[in-house]
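In the two assemblies presented below, chain A is common to both, partnered first by chain B and then by chain C.
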Partner chain A sequence: MNSAQLEIQLIASLVAVACAIPGTFLVLRKMAMISDAISHSILPGIVVGFFITQDLNSPLLIVLAALTGVITVVLVEYIQKTGLVKEDTAIGLVFPVLFSIGVLMIAKRANDIHLDIDAVLVGELALAPFDRLIISGVDVGPKSLWIIGSILIITIILLIAFFKELKLSTFDKGLAASLGFSPVIIHYGLMTVSSVTTVGAFDAVGAILVVALMIAPSATAYLLTTDLKKMLLLSIIFGVFSAISGYWFAHWLDASIAGSITTMLGFLFLMVYLFAPSKGVIAVLYREKQQRTEVSLLTFLLHLKNHDEVQERHVNHLNEHINWQKVRSKTVLDLALKNNMIIIDNHIVSLTSKGDEFTTQAIDYIITNEDAQIEDMKDDFFLFRG
Partner chain B sequence: MKKIIFLVLIIVSFSCKNETPTNGKLNIVTTTTMITDLVKNIGGDYVNVQGLMGSGVDPHLFKASEGDVTKLVNANVIFYNGLHLEGKLVEVFEKMGTATKTPIALGETLDKNTLIGSDYFASNYDPHVWFDINYFKQFSKKVAEVLSEKDPTNAEAYSKNLAAYLEKLTALENNVVGIVNELPRDQRILVTAHDAFNYFGKAYDFEVVGLQGLSTATEAGVQDVQKLSAFIIEKQIKAIFVESSVPKRTIEALQAAVKSKGHEVTIGGTLYSDALGNAGTVEGTYIGMFEYNVNTIVNALK
Partner chain C sequence: MTIQEYFSLVFSDYTLRTITLGTTILGAVTGMLGSFAVLRKQSLLGDAISHAALPGIAIAFLITGAKDSNTLLLGALVSGLIGTFWIRGIITKTHLKSDTALGLILSLFFGFGMLLLTFIQKQPNANQAGLDKYLFGQAATLVESDVWMMVIVTGICLFVLLLFWKEFKILLFDKDYAKTLGFNTKTIDILITSFIVLAIVLGLQTVGVVLMSAMLLAPAAAARQWTNSLATMVFLAAIFGAFSGVFGTAISASQNNLSTGPVIVLVAAVFVFISFVFSPSRGLLFKQIRFIKNRRDLQLHKTLSFMYDIAITHDNISHPHEIKILNNFQGYTKGTLKKLVEKNYVTLDGSTWSLTNEGFESALNLYNQLTKNDE
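The block that comes next holds the complex of A and B.
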């Protein structure tokens, strides 16, 4: 591994961390698409900067881009505050307008020069190590490493200083306001940090990767935990893991690094989406199946309780009477036996005292409409789940 | 948490391997296929030439891959067009110069006063300079000069290759003039998707009209299409042209606009503008590409 490759991974990891922190709050506030919006709405800032400096490489272009990003956020917030449209609609209203203004300015004033977002802002992670920062003749490392590093440090300081306020205004705006700090100021602060991070990271790694790194790790973490601190930590881990594994994926394919990292992010989300212990698709399917069996079990026990006559309680008659398929009745019968709720004597099924008690309590809860209590009761009675 | 960090460390350490193909030769990295072809002609077997862009790539929208990083790290000399042709890459190359790595913007070595400027901004020039064979000859001389300076032991071979290549370019020029002269002056109007052929027009007396403007990212406006279709009808132009690195549909829209006014214009063929044809074919070399373009243009307009 040469130093350029190491530096690329370092930059990608720092960008991942810098994006994961505001990204977590954006995902929780349902404003994830703001980073995508900023990626387009900065065009007029770049064009105006070019008109002023007539130089595509001027840092003023990036400063104005970040400023346009903040303007985007302010406009979105303003429209949203009217309460007439939802968050995502407000975002969708603002950024196409700003982007179009930029397109019109180019068409009118600068149609014959190469000017677009790509020419100024969309950095290439692969090229980042070659743009060095030289201070009085000494090479101190890639420029984007320093830019992203500074943004990251500021973000972390702000996160630690305002963690309580951020947390409260994210989850309970009313309480935050009544405790004396304005959720609006916190909101603007967060959005400004997101805007600066987005523009700074664009310059280093390119647009799609920034949007992906802001949203995917946080969305993945949200499937695993609802604790804010854990979610932040998991987002950072997922982001950094994707950055580094994505880099080596690109190395193996000799493909675009940003593309490979984004693919890793998508893959990671898919894995967690399928296999997460409580919210994952497979866990949910399994739980639904368990629920169905247990409801059947309860129906079966109620049937036993209501019928003393022998022919109603014969094993072979169960299929006909409760209209179950053979397989299912066997599953339910086995489950009831394992939990010591029934005994089978000469093909006749009877409730045990435990089964009787369980059924009585369950009926009580159903009559009083406290179905949720049945779940707690299951924990008390069941040795084995369905 | 610890497990994950451990896993990351394992991935990183397993993937460490060094790859530096040097075998004592100069490592040259080039950008566009035109420049790659040129450096291969001058350097011959004495240098390792690695081109970043393939055929059909729009240099302005080029995206680097992971392998390009290593190519650039190991490069001794980087030859590129400059004049903002390669977008952000130009900016990166400009800052890349070190003791062991020399970036050379071939376009910047030309006399700026002879270049076609932008109407609005004096500091920007039309970068498609390779369509003037004289500029390409200057490129060749510069490449030979740089190679000889970096690798004096093979200087003689480089100057021999240069002489041979210049001769071929002169032959190409005579050939092109011959073909173009088959076309009367008032029929020399070239309509293409974006303004890549201004230098070609200047050299061979063509009026060049581009639909899209210089940047390949901006789309043609409705007015542009209407104005241009009126122009085509007025001048009775027989054919318009598609470019290999620009999507066809804008030119097809133009053709449809002309048709809707009751006139006929054919699509004269695909011209190579920002990149050569596939490696190994005739159009995969600068000379082959130039002859192909001229033949296509002249045959369609005749």
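The block that comes next holds the complex of A and C.
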């Protein structure tokens, strides 16, 4: 591993951390798509800045682009406030227009500028180490490293300083406002940080990867925890992990580093989406199936309690009467037997005293409209779950 | 080439005719289906789908090795549909919200697509050039078979739309009611979403992945401002979309170095802007005018009721009073006084005013109405 490779991985990891922090709050505040909009609409800002300075790494570019980002947010909110269209339509209208303006500005001046739209979208991380920052003749490292490093430090300082305010206004806007923290300032503060991060990262990793790095690690972390601090930490870990593993994947495939990092993020998300312990799809499907069986069991027990007649309690009769498939009624019968709720004597099903007690309590809860209590009660009665 | 030249050439020149026809049909079909996306609050779905289509294009190319646009679009369609249903899965099965799901799928699929594209570029067979036209679209690459493809898809869309019009409409405005009536809402939902995906995929070659969502939204958002009827809105959106296509192509053809996609988007944005400002019932301009008019009426009423309060303290209601008294009253302006005279509520005599019988009556009623409203 040579120093250029090390530097690329360092830049990618720093970008991942710098994106994960605002990203977590964007995901929690249901504003993930705003980051997508910002990442597209900063293009005209970058182009104008580039026309003025002729230098892709000038600070003016960052200022102008961040300004365009904030303008996007303001425009979206203005259009939304007129009530003419919904918020998502407003986002969907604003950023393509700004992006189109940027594309056309580049196209009109294509001959005298070296600004490639593809580069804006996907960046060229592999070239980042070659653009060095030289202070009074001494090479102090790649420019991108310094830019994203300073943005990250500012982000971290802001995060620590305003953690309480951010947390409060994210989860309870009303309370935050009534305690005197202005939600507007925090909102625009967050938007500005997101814009600046997007701009700072774009020439290293491109606009789309910025969006991916903001949303994907946070969304993945959100599936695993509901604690804000843990979520921040997890998304940083996921981001850095994808950055480094993505780099080596790209190295092996000889393809775009940004695309490869995104693919890693996607793979991570897919794994967590499928296998997360309580919120993953498989866990959710399993739980749904379990609950379906348990509800059937309850229905079955209620039926037994209601009927003393022998013919209503015959095993075969249940199939026809409650209209279940054979397999289903067998599952339910087995579950009831395992839990000692019923006894089957010569194909006639009857409730045990435990089953009777359970059913009585369940009816009580149903009548008093406290269905949620049944879930807790199941823990007391069930030896085996459905 | 100037715009006049463009319009004289458009019927004779093969390339211009093909491109113009293509963008027009595309605008019409996206406008039509976009209406449903906008009304279903799925505006950003288009953005996500168009990005999600990219890996499909790359994979189709990797498998077939051919650049036939129909094959590539089939790949785009498949991957767009996968993206759409994954978004659905994320929203229904986890606690992640729709915006997160959209942003996730959008960026992850696009990133994966870029990975594949760069991977393809490094492949030894040099046949791969031109795949990146799907990023920003290149209307100039449209050929007659592409246009035929668009015509066929538009035809199918129109047919299905008319066939299931009632179902679409009821699902759009009252999903629960549709369910209780026994419609299979899931199937209708999937049908309509698939058509939106189809329209987006169709536009990728012309407008490109990044700007496709605007083609879907802008005509529909503009049309929404002019009407409250679904049929009219779909029709208007199709017209707006078609015109954006024509004008966008005309403008970009008449200038050097103007890509068609962005110009079409900007023309559509102009339609949106005009609709936002000038639509008679919802537009900002008329809203503002109505607002000002209401404020004037209110001031008039306030002045009148102030005069009434003064006049009622005198035996003769037409007893003249100095205009000066009105000066420290907020609702009073010279304009309102003139209006009151015009309405024959007040007579002026030099520097004094006096309430007429008519004015007294209406002020009395005004007061009654207010108290009535208060109750």
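Definition applied: the second predicted complex is superposed on the first by the 308 of 386 C-alpha atoms of A that agree within 3 Å, B and C clash if a C-alpha of one lies under 4 Å from a C-alpha of the other, contacts with A are read in each partner's own complex, and residues count from 1 in each chain.
Going forward, contacts are C-beta pairs under 8 Å (C-beta built on N, C-alpha and C of every residue); 3 or more make two chains touch, one makes a residue touch a chain.
These numbers were taken from a predicted model, which means no experiment stands behind them.
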| item | value |
| --- | --- |
| Touching partner for A:T170 - first (chain B), second (chain C), both, neither | neither |
| First (chain B), second (chain C), both or neither touched by A:L93 | second |
| Chain B versus chain C, judged by how many residues of chain A each one touches | C |
| Which superposed partner A:Q54 touches (first chain B, second chain C, both, neither) | first |
| Chain B versus chain C as contact partner of A:S256, first or second or both or neither | both |
| Chain B versus chain C as contact partner of A:Q80, first or second or both or neither | neither |
| Partner chain in contact with A:L209 - chain B first, chain C second, else both or neither | second |
| First, second, both or neither for A:S35, with chain B first and chain C second | second |
| Which superposed partner A:A107 touches (first chain B, second chain C, both, neither) | both |
| On chain A, positions contacted by chain B and by chain C | 103, 107, 110, 118, 122, 250, 253-256, 260 |
| Complex contacts: residues of chain C adjacent to chain A | 38, 41-44, 46-47, 51, 89-90, 93-97, 99-100, 102-104, 106-119, 122, 132, 135-136, 210-211, 213-214, 216-218, 221, 224-225, 257-259, 261-263, 265-266, 269, 272, 276, 282, 284 |
| Interface residues, chain B side, partner chain A - complex | 1, 4, 7-8, 11-12, 15-18, 60-61, 63-70, 72-73, 84-85, 87-89, 91-93, 95-96, 118-121, 123-124, 195, 213-215, 217-218, 221 |
| Sites on chain A touched by chain C in the complex | 27, 30-33, 35-36, 40, 79, 82, 84-86, 88-89, 91-93, 96-97, 99-101, 103-104, 107-108, 110, 117-118, 121-122, 208-209, 211-212, 214-216, 218-219, 222-223, 250, 253-256, 258-263, 265-266, 269, 273, 279-281, 284-285 |
| Chain B contact footprint on chain A (complex, rising order) | 1-2, 4-5, 8-9, 54-57, 103, 106-107, 109-116, 118-120, 122-124, 126-127, 129-132, 233, 237, 240-241, 244-245, 247-248, 250-251, 253-257, 260 |
